[in-house]
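Below: a set of structures, written as structure tokens.
Each of the next two complexes has chain A plus one other chain: chain B in the first, chain C in the second.
Moving on to the complex of A and B:
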């Protein structure tokens, strides 16, 4: 009798295990793909970063030499500072425009859909097309600047992407032109979750449009706002497309960021080990951003 | 403002600013279209002019010299291959996370969040050499595998969010009728959550069509290049002929624009909700 019960328990446990195991089969493809393409190469990168390797010859283990070189590489620090400028640019101008656009949109009913579509269109256009478009528009002899000069407004017919003073900001402008409409839609969706009563109270108390924005809308969409700021910081680390396409980091590294520096280092200068070291630092920066976010959240920040 | 009471505020201010913002967003796109039917001289004379005799010829020339027959075919293969692959992989994963008992589901969900934050530069270099070793460089399959992987966390998460919303009763009823997990997925879940698949497919497809960095790194053979990277090569080749390069850009943009205008609700829903609420 006891034996029988035992065996039955055994069967059900085995069945249960098989049942649970078969659940994982559904997850296996997506996990395997991510392991092969993202996780394993990422870990390999850490090993490569400790080697001197051109990609062709035998890798030579050099310990942390690549990281020492990195600390003394002025172009690395210049690139990193450009990533910081890039991040600050995106945290301010597109966010401000996104908030303004969404707030104004939440106040109207007619044509709302038309505006939403209009703002969103640049976001679905490819980087290769957007950069071509703005290269034409900002061309010193064919573009807006030249046209203004002909109308008698001098001073804008400059080589935006060719000057070391304007290249980085020019590229950031083009990328943010493509991006801000996305924020409008995200913030607008969040604004519709804010209690309408709060606005009514604010209006009854005589709050101006700006005061309502400041004291009702912004606190109301705070979780979304903070989340977008976090995502902008995370997305700014690997920034690549627009810079590569418009200036390729030039002139003279004036718009170089970590992404373009690493890319040229590995695929054009064949310093694969050194490039991997740059990649590892980029991942560490991202990890720090995520960690700060998690710590602030644990400390009770409502984000 | 959305007021329940009868008091309304004037919205003229909103419309003025919104109109200016719309001009800022669409004006440059409009200029691209205008310039695409002009000569370089006409563009240089006035980039905003409406050409008296539009040179639609630019499109034919760009289409032929840019070898668009071939590059569009390549992009369609890459886009379709990735969308199909991602929907299968993401659909299975989404189903498991939404309706099956998975120990460690939190860890996987956490990976999907962190995985999308990993900068591509961390793994693109080793991946390049791994792909080289396995002969996957300069192949569409190699690129499709990468695209499937990079878009799978997002796709799985988005599809899962649609599947979670399905009523449990349907699944229970099917189980009582003796359906296996696989049958539940294909016969019950799939027909009910197709909007999620459509939205995910559109967004993944858009991403692949527009993608640049991975394509330029892994495909060097001119005959295998998708539209994005061959357009780049075209721009560099005809750098002085603005009308032509603008026309070539419009050819790449047009299918996206038409699809977006037809299905803008789905695009916006997927890109904002799926992308931001992870």
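Moving on to the complex of A and C:
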């Protein structure tokens, strides 16, 4: 009997090892792929960031000179500050709209799918199309503002992308317009996972709709909510396409972010080493964001 | 046995002959899409392929070619013929050893005698020819002729007349110079180049380009400040600085064609877009040379001059396996003025005007008189030594980018003209230290 038990344990252990091994074998292609497309380029970027290199000539090792230059580069810091503003913008406005949209949609049955599709469509349209659409709508001479001005309604004919005061926020608005529908769908899916009993109890207790949202919905979707916040913070670091297409970082660097600054350094100025240094700092910022979330999670935060 | 020997003999003779006939070399050519690619295919590529049994051109317009070319050449998989975004880009590729010297072809085929001297010279890096130009351009003053005639205005021939008319049109609620950089931020360099050349004078610009004069000198500071005043304080370009940043190429043309704008300082690539825009409005356009902006005798080179400009270059991948065939292709481009002008005519002579030594008779019948007038006057004026320098043709990459990008800080009031020019001089010094300052033919 004892032999049988030992034997069974032995079989189980062997099975477990085989199982673990097969897992690693199946993971191997993905690991290999990531090594090729992420790890090796990342390590190469770190090396390039310590070189003066046009991307074409022979690299010249300069140590940390590119990073020293970054410290004294006002446009770099300006760009970084715009990334921070961009992140705050996306952590608030689209998230609030996404939550509200999902909560309101969760309460209706008829035509819900129509609304979901309508909200989601901008997300699947190419950024080039979205930006051209909004460039036309906000055009200073034949956009909505100009049309309203012709009707005698003043105050809306502003040069959203042409003013250094509004360019960054204008681009962020267009990008969030395409993005918030995605959040609606994500939050709506999460809301359907919240136990209906909780809502019933809340209703019996006399909770208002806002109270149900505040005390049942939000805690119920907290993991999803926090995950989207994390992703927004990570995605905000390499923000590029909408800014590049609408303002290219201008006017006067008013909408410059790290991504556009890096691109211009690399492709207009042929300063690939310096661009790589900017890229390394972007990777470090992303790593810090992830690290903060990991630490919070280890401290027991339900995220 | 005899029969077998005959068969073998026939195979020995015939097979290599068949093989030789089938030994076709394909020359690949990457080009920036220009909207004329169907015409290039029809008038250049198809004609070449039909007339050459052993060489075929595979013409490939590439979107975002600047982003694609560098990794392709580094990976050794690039095309044989490459389009380059100007001389500054070409010099970077030369520094990396990615371009084949073309001096041998030039000598063998006599390209120096086919191309305009300044355009040929612009492709020389460290004594070797590395690229040939695709098109040549200059900066002129376009204007709405209908609006001018309705108001009884004369075409300005001096700076005073130009600024006076600009103010007059602004006072009338019109836009003096419809222009904006919303679709191409480097458009700033069009204006910076005009003001540097037309205010400081081409001689001074040449002296600065060749390191004999400082970019921080007063002539350049005054020129930069004059543009700042016109664009930021007076809002002459686009209607206001914010409009300038909001308007793109088609907006500029539409404003001029509608009469909402009156004049436009721009390049002769506009020949392409003005015709269709003015056809829509039923108005007429014309152009005139830009007057010099300063009356200081030291800066004068004559009543006016033309800035020299090239729109893109063609180079040869150093790793090409078909250098001889590539030479044949490039020489085909440079050898038939009529064919090139026919191609250029499909763009309204806004693109593909390879700077060959044209006579006015070379232009096809029916060519717009305004286009003929430009090419005729450009040849006479530049031939007399009255020419300036555009930034995208004669500036090295970093200094060029600083020129058009940092100027927005000056216009925004966030940087002084002095600091801007000091930074420009520093960028120039860095380019010089890296050996990237472009060679320029001595002024005649």
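Here is the rule we use: the second predicted complex is superposed on the first by the 270 of 303 C-alpha atoms of A that agree within 3 Å, B and C clash if a C-alpha of one lies under 4 Å from a C-alpha of the other, contacts with A are read in each partner's own complex, and residues count from 1 in each chain.
Definition applied: a residue touches a chain if its C-beta (ideal position, glycine included) is under 8 Å from a C-beta of that chain, and two chains touch if they have at least 3 such contacts.
Remember, it's a predicted structure, so these values are computed and weren't measured experimentally.
**Q** After the alignment on chain A, I want to confirm one thing: do chain B and chain C clash, or do they fit together?
**A** clash
**Q** When the two structures are overlaid on chain A, which partner does A:22 contact: first (chain B), second (chain C), both, or neither?
**A** In the superposed model, A:22 contacts chain B only, not chain C.
**Q** In the superposed arrangement, does A:234 touch chain B (first), chain C (second), both or neither?
**A** After superposition on chain A, A:234 lies in contact with chain B alone.
**Q** Looking at A:267, would you say it contacts chain B, chain C, both, or neither? Reply first, second, both or neither.
**A** both
**Q** Identify the partner contact of A:141: answer first if only chain B is touched, second if only chain C is, both if each is, neither if none is.
**A** both
**Q** Is A:159 contacted by the first partner chain B, the second partner chain C, both or neither?
**A** Second partner only, chain C.
**Q** Return first, second, both or neither, reflecting whether A:55 touches chain B, chain C, both chains, or no partner chain.
**A** both
**Q** In the superposed arrangement, does A:94 touch chain B (first), chain C (second), both or neither?
**A** A:94: touches no partner chain.
**Q** Of chain B and chain C, which one touches more of chain A's residues?
**A** Of chain B and chain C, more residues of chain A lie in contact with B.
**Q** Touch check for A:106: first (chain B), second (chain C), both, or neither?
**A** In the superposition, A:106 contacts chain B only.
**Q** Following superposition on the C-alpha atoms of chain A, which segment of chain B from the set 55-63, 73-81 or 127-135 overlaps chain C?
**A** Residues of chain B that clash with chain C lie in 127-135.
**Q** Going by the contact definition given at the top, which residues of chain A touch chain B in one complex and chain C in the other?
**A** 55, 139, 141, 267
**Q** Mind pulling up the chain B residues that touch chain A in the complex?
**A** 1-5, 7, 9, 11, 13-15, 17-18, 21-22, 24-26, 28-29, 31-32, 35, 40, 43-44, 46-48, 88-90, 92-93, 95-97, 100-103, 108, 111, 114-115, 117-130, 145-146, 148-150, 152-153, 156, 181, 185, 206, 209-210, 212-213, 217, 228-229, 231-232, 235, 242, 245-246, 249, 252-253, 256-257, 260-261, 264, 267-268, 271-273, 276
**Q** In the complex, go through chain C and note every residue touching chain A.
**A** 66-67, 70, 73-74, 89, 92-93, 95-96, 98, 181-182, 185, 240-247, 251, 255, 397-398, 401, 405, 408-409, 411-412, 414
**Q** Residues of chain A touching chain C in their complex?
**A** Where chain A meets chain C, its residues are 54-58, 135, 139-141, 159, 161-164, 167, 247-248, 250-254, 264, 267-271.
**Q** Which stretch or stretches of chain A touch chain B in the complex?
**A** Where chain A meets chain B, its residues are 19-20, 22-24, 26-27, 29-31, 33-34, 36-38, 40-42, 44-45, 48, 55, 97, 100-101, 104-108, 110-111, 114-129, 132-134, 136-137, 139, 141-144, 146-147, 177, 181-182, 185-186, 189, 196, 199-200, 203, 209, 212, 224, 227-228, 231, 234, 237-238, 240-241, 244-245, 258-259, 262-263, 266-267, 272, 275-276, 278-280, 282-283, 286, 290.
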